[in-house]
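So, here come the structures, one by one.
Next come two complexes built around chain A: one with chain B, the other with chain C.
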Partner chain A sequence: MASPQTTQRLLRELKEYAASPNDALLHLGPVTDNDLLDWEAVLKGVKDSPYEGGLWALRIRIPETYPLTPPSIRFTTRICHPNIHFETGEICLTLLTSEHWSPVYTLSTTLTAVQQLLTDPRPDSPLNLDVANLLRNGDVAGWESLVRYFTMEERWNMN
Partner chain B sequence: MPVSDIPFAHFGPYSYTPDRHYFPSTGQPQFAAPFSFLTHSIPQITLAFQQGRASSAYNMAALSPDEMERFQQLSNNFEPNVQGPLVTPKQSSHAIADEYANADPTYATKTSTLALTHPMSRIMKGDGNCGWRAVAFGYFENLFLLRDPLRVQRELIRLKSMNTLLDQVGQQEHLYEIFVDESEAVFNQILEAIQKGIQDDSFLVHAFNEEYNSNAIITHFRLLTSAWMRLNPGRYQAFLSLPLEQYCATRVETVKTEIDEVGLQALVDGVIEGSELAVEILYLDRSEGEVVTPHLLTPNRPSVGTIRLLYRPGHYDLLYRPEPIVTMAPVVNYQYGITSNYSPWDQGALSFDVDPHLMAIPNLMMDPAAFAVNPSPMSAPVSNSYRMSPPHDLYLQHTPPPVSIPSPPVVPRMSAPPPPMTSAPNRSSDGPQIRLNPLVMKNNLSHSLPVTTPFKNSPYNQAHFQNQDFEPIHWEPNESRK
Partner chain C sequence: MDSDDDFMSDASSQDFLDTQGSDDESLEDFGEELDGGFSQDKDIIAHSKKPYEVDFKVLGPDDIVREQNQQVVEVSAILGLPPESAAILLRFGRWNREKLIESYMDHSERILEEAGLGTTVEFTPHTQVISGFMCDICCEDGDDIETYAMRCGHRFCVECYRHYLSQKIKEEGEAARIECPAEGCHRIVDSKSLGLLVTDDLKDRYQTLLTRTYVDDKENLKWCPAPNCEYAIDCHVKQRDLQRIVPTVECLCKHHFCFGCTLNDHQPAPCTLVNMWLKKCEDDSETANWISANTKECPRCHSTIEKNGGCNHMTCRKCKHEFCWMCMGLWSEHGTSWYNCNRYEEKSGSEARTAQARSRASLERYLHYYNRYANHEQSAKLDKDLYLKTEKKMTSLQSQSGLSWIEVQFLDTASQALQQCRQTLKWTYAFAYYLARNNLTEIFEDNQKDLELAVESLSEMFEKPVPELAKLKVDILDKTAYCNKRRVILLSDTAENLKNGEWKFNVEW
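Then we have the complex of A and B:
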């Protein structure tokens, strides 16, 4: 069970998100009404990038000490990106580490950061070596077509 | 609420976009990850070698990408196993001396001296927040020790009014309010304890050992510091290797980033200074000398108490001077005594640097336990006039002279840092026999008045008369005024 402070903070975030939604997201909120520490989100691809038109579902586990510890976020829709694990959806993002997390980030702004990671790949710290190698070898065209393919192929849909 | 139940699109501005600088995980020097990879993954690599995975050479290229990836993972997830409470109860500083007993002699000497000058200490857990925690704890502890409910309330109001700074830099109240609430809770605990006449500070230690509360208070102080820096960029930017905004976001507003000198100064300037508390750091390093090097972070002015930090490279703890013994009263501030010939007291008129440490030394004499037999004041060794005294000579006896001068407005400054030993006097000088001990007491001056090196040229220094080469300055009519 989350501490009162964590609950209070999450409820405030939820309210804040409803009042001013995030352009990068299609959806953000708890999976069920019963567990405030288990959220889901749907992220949109950035326009004018190989990820344009894409939609990915993400699962967000919120620790009981949130916001003093970062949420753990992973893609549940497969995505082709050097810093995101293709199978597990794990994300390599500095601000998601306990050392670099700041309590003034919200779930919404953190997901904005995830979206920015899409257009700012870092092939030097890869979780997806195959894609990273394409970029490292300068094969931008190959990388882009691979990304476009998976973005459409794996696109999240509402079922 | 399942995803499928929600309306399909949200449009609208999002209020806050973090700067993209913060995101990449490695490859840029300002992030800890590359360093942690170098330092922390070595054991794992060594382990891999022992297991015969890459026995050929100590060469990163010998590792397959998979292994590299695994090591990177290990390194990213590495957290040093730090033991102990977040804040310990007060304990003897001899523990610190014992830690260094077999270390570098400089450390051994400095720590054993430290155990005399600062007999008690409080150890902070080295979890990346030690500096922040030490200052925050020291702040609240001093408020508790002052036992002034009005002051506590005033401080609470002051800190809460600083919410406007947070608002000014665009922090949102719904994000920071929970941290302010934690600080407020501690203020209220202190008020209650004072009103109930509780002397024991264990409630405060307890509050700071609750991980969540402790970190929430630290976060409050971090956010205030960050806001202060953003609002006063001119004061700090020059000391930073990265843009101030980025520094604040990646080093100050985070939850587990070590405080550095700039951040500490900003914390003191922005959050602590308004409380009239002084903050002093004692640097324990391998610099020359037999005592830790003190540095006052707050301006040199009367303070109601002092937060004393012990700095060892990468770590901060709290230090405490000996408890003042009330029976020692009246406390005579010799410094005011000696300088009362200047009338009126005017710092600007002094030709030498008015060293904040210098002004504070007399209170050293408040510790009766440290009184030692006074070596004959006029028989200081000639050959090594600038010899550093061994620690047991630290405190010379100081019999208060019959004081005809009225005590200055009592400034209960407990701060008594010795001046930095790096400013050692010129050894080639065959000047007066000044025998510098670590606290720069000059014992051949009547009543062992404490002086520091700037004083050696003072016209009031009677030691000049003992120097056979002594020559008073003659005024030459032809010499133009300087």
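Then we have the complex of A and C:
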């Protein structure tokens, strides 16, 4: 069970998200009413990028020590990106490591950072080597079409 | 960050080999000392240093703290900074004072920024209540909340700050580089702020962690690896000197260990060979397999690292070295030269294959040395059991033969000599395994044989029933002295040749 501080903070975040939703997200909130430490989100693709029009579901596990330690976030919809594992959805983002996490980040701002990662891929620290190699070898056209294909093929839908 | 690397090189390094070369001792001198020079008195060691001995100093917990504080106070006075800031600077510069002061004089603002001491608000931080404040961490607001901000001005409630610090200190074991909780702020939490915010037990833990990083950061300091031992050893043998010397040190807790690799005393074999030998011996152990399959060593500080997820861009938690998991090369080189790591796999694969073929061919040779190595290890254990019974033996000897306590001490001396000689013998076999044959190895093997014969006959006498022991006293004393002498000769010979680079090895290391 979450501590009173964590609960209060999460409720506050929920309220704030309702008051001012994040443009990067279609949805953000706990999966069920019973567990405040298990959230889900749906991320939108950035306009004018190969990810445009895409929708991806993410699962967010919040540690009991949140916000002192970072949440663990992974994609549950498959995504084609150099820094995201195609099968497990694991994300390589320094922000999500305890060394670089700041308790001031919220789930909403963290997901904005994830969206920024989509348009700012780091092929030098790859989790998906095949995609990273396309970029590293300068095959931008190939990379973009591959991303477009998967973005549409795997697109999350309500059902 | 080009200055970062400069801090790693040691400006004050002095080549110990040069200073050591001056005392040219002849082998005859050794016969005079029956205790083998292992007396605790450092003055004696300094006067009659053997070729295989190194200078070192043992530091207790208080000494370490004092040494640390002294440097902080000095640097604080020189640079005109508060002590807590000087401490952060020193830790940032890995306690290389001269280098730090120099670079601080050249570009103080940049150094302050990089160390996490950026110059911003000029006020003395203290906790205060501010009306209309809302804490960004817990979202609590109200006019009666106690708040705190460091000189960077990022204000949080004291409660959150405290939780944050205790999370970092207790759970993550971080002390020297705890940053301000604010997003993107790299200001380091100083000891003064910490003192204002946390409870006493956390302060103690924080101090312990800081002391630990102090010893870890300094190349000339190492913790004694014995369980529960709180001492550290100060020794000026550098990593690069390990090809030429086996720096065995003795802690105040009586533990003998190698300063180079912190393993148990492994004279006369050099660290690299010991490492190779142990890996080889453990080849069929499951643990060793797992370690070699799942971990690698940081190319800079040699900490063992397990990769449990994420990409190949590794940052060593301990020394912050950035490298590629695949090729172990510098990460910075990957940025421009793209991803060449696939080549590594191929190369290491072929290397592993030839190494395997070679080891199969030399299996028989290996077994020869391994059996003798293992035998001495086993015998040393048996002798150790005897050693535990020695005291009983000594007591019964006192009552049966009417000898006084002081007169039966020879048994204790003998059993200690046995332990030490077996330890040395054990490693001579690992050492010999890697030696290429020449005239020197003949002499070495003669020395080895002499010591082995002496040790075995002492071991035999030692096992005699109690009534006979009293009669054997003179023989045992003589044999003990002889064993120690043979050991000194063997170690001196190997150490001299190692120092002068005379040994030829059958492996590259």
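A few notes on this one:
Here, the second predicted complex is superposed on the first by the 159 of 159 C-alpha atoms of A that agree within 3 Å, B and C clash if a C-alpha of one lies under 4 Å from a C-alpha of the other, contacts with A are read in each partner's own complex, and residues count from 1 in each chain.
Convention: a residue touches a chain if its C-beta (ideal position, glycine included) is under 8 Å from a C-beta of that chain, and two chains touch if they have at least 3 such contacts.
Just so you know, these numbers come straight off a predicted model, no measurement behind them.
When the shared chain is aligned, chain B and chain C each come close enough to touch A:R12. Touch criterion met: A:T112 reaches chain B, while chain C stays clear of it. By the touch criterion stated above, A:G29 is placed in contact with chain B alone, chain C being left untouched. Judged by the touch definition given at the top, the superposed model places A:D124 against both chain B and chain C. Using the contact criterion defined above for the overlaid structures, shared-chain residue A:E40 touches chain B, although it does not reach chain C. Using the contact criterion defined above for the overlaid structures, shared-chain residue A:R136 touches chain C, although it does not reach chain B.
Of the two partners chain B and chain C, it is B that touches the larger number of chain A residues. Of the two partner chains placed by superposition, chain B and chain C are both touched by A:C92.
Shared interface residues of chain A (contacting chain B in one complex, chain C in the other): 5, 8-9, 12, 65, 67-69, 83, 92, 98-99, 102-105, 124-127, 129. Here chain C touches chain A in the complex through residues 136-140, 160, 163-164, 167, 171-172, 181-185, 309-313, 317, 331, 334-335, 338-339, going by the rule given at the top.
Across the complex, chain A meets chain B through its residues 3, 5, 8-9, 12-13, 15-16, 20-27, 29-33, 40, 42, 57, 65, 67-69, 83, 92-95, 97-106, 108-109, 112-113, 116-117, 120, 122, 124-127, 129, 158-159. Against chain A, the residues of chain B that register as touching in their complex are 1-4, 6, 8-18, 20, 22-27, 31-33, 65, 69, 72, 76, 79, 128, 171-172, 174-176, 178-179, 181-182, 211-212, 215-216, 219, 223, 249-250, 253-257.
For chain A in complex with chain C, the residues that touch the partner chain are 5, 8-9, 12, 65, 67-69, 83, 90, 92, 98-99, 102-105, 123-127, 129, 132-133, 136-137.
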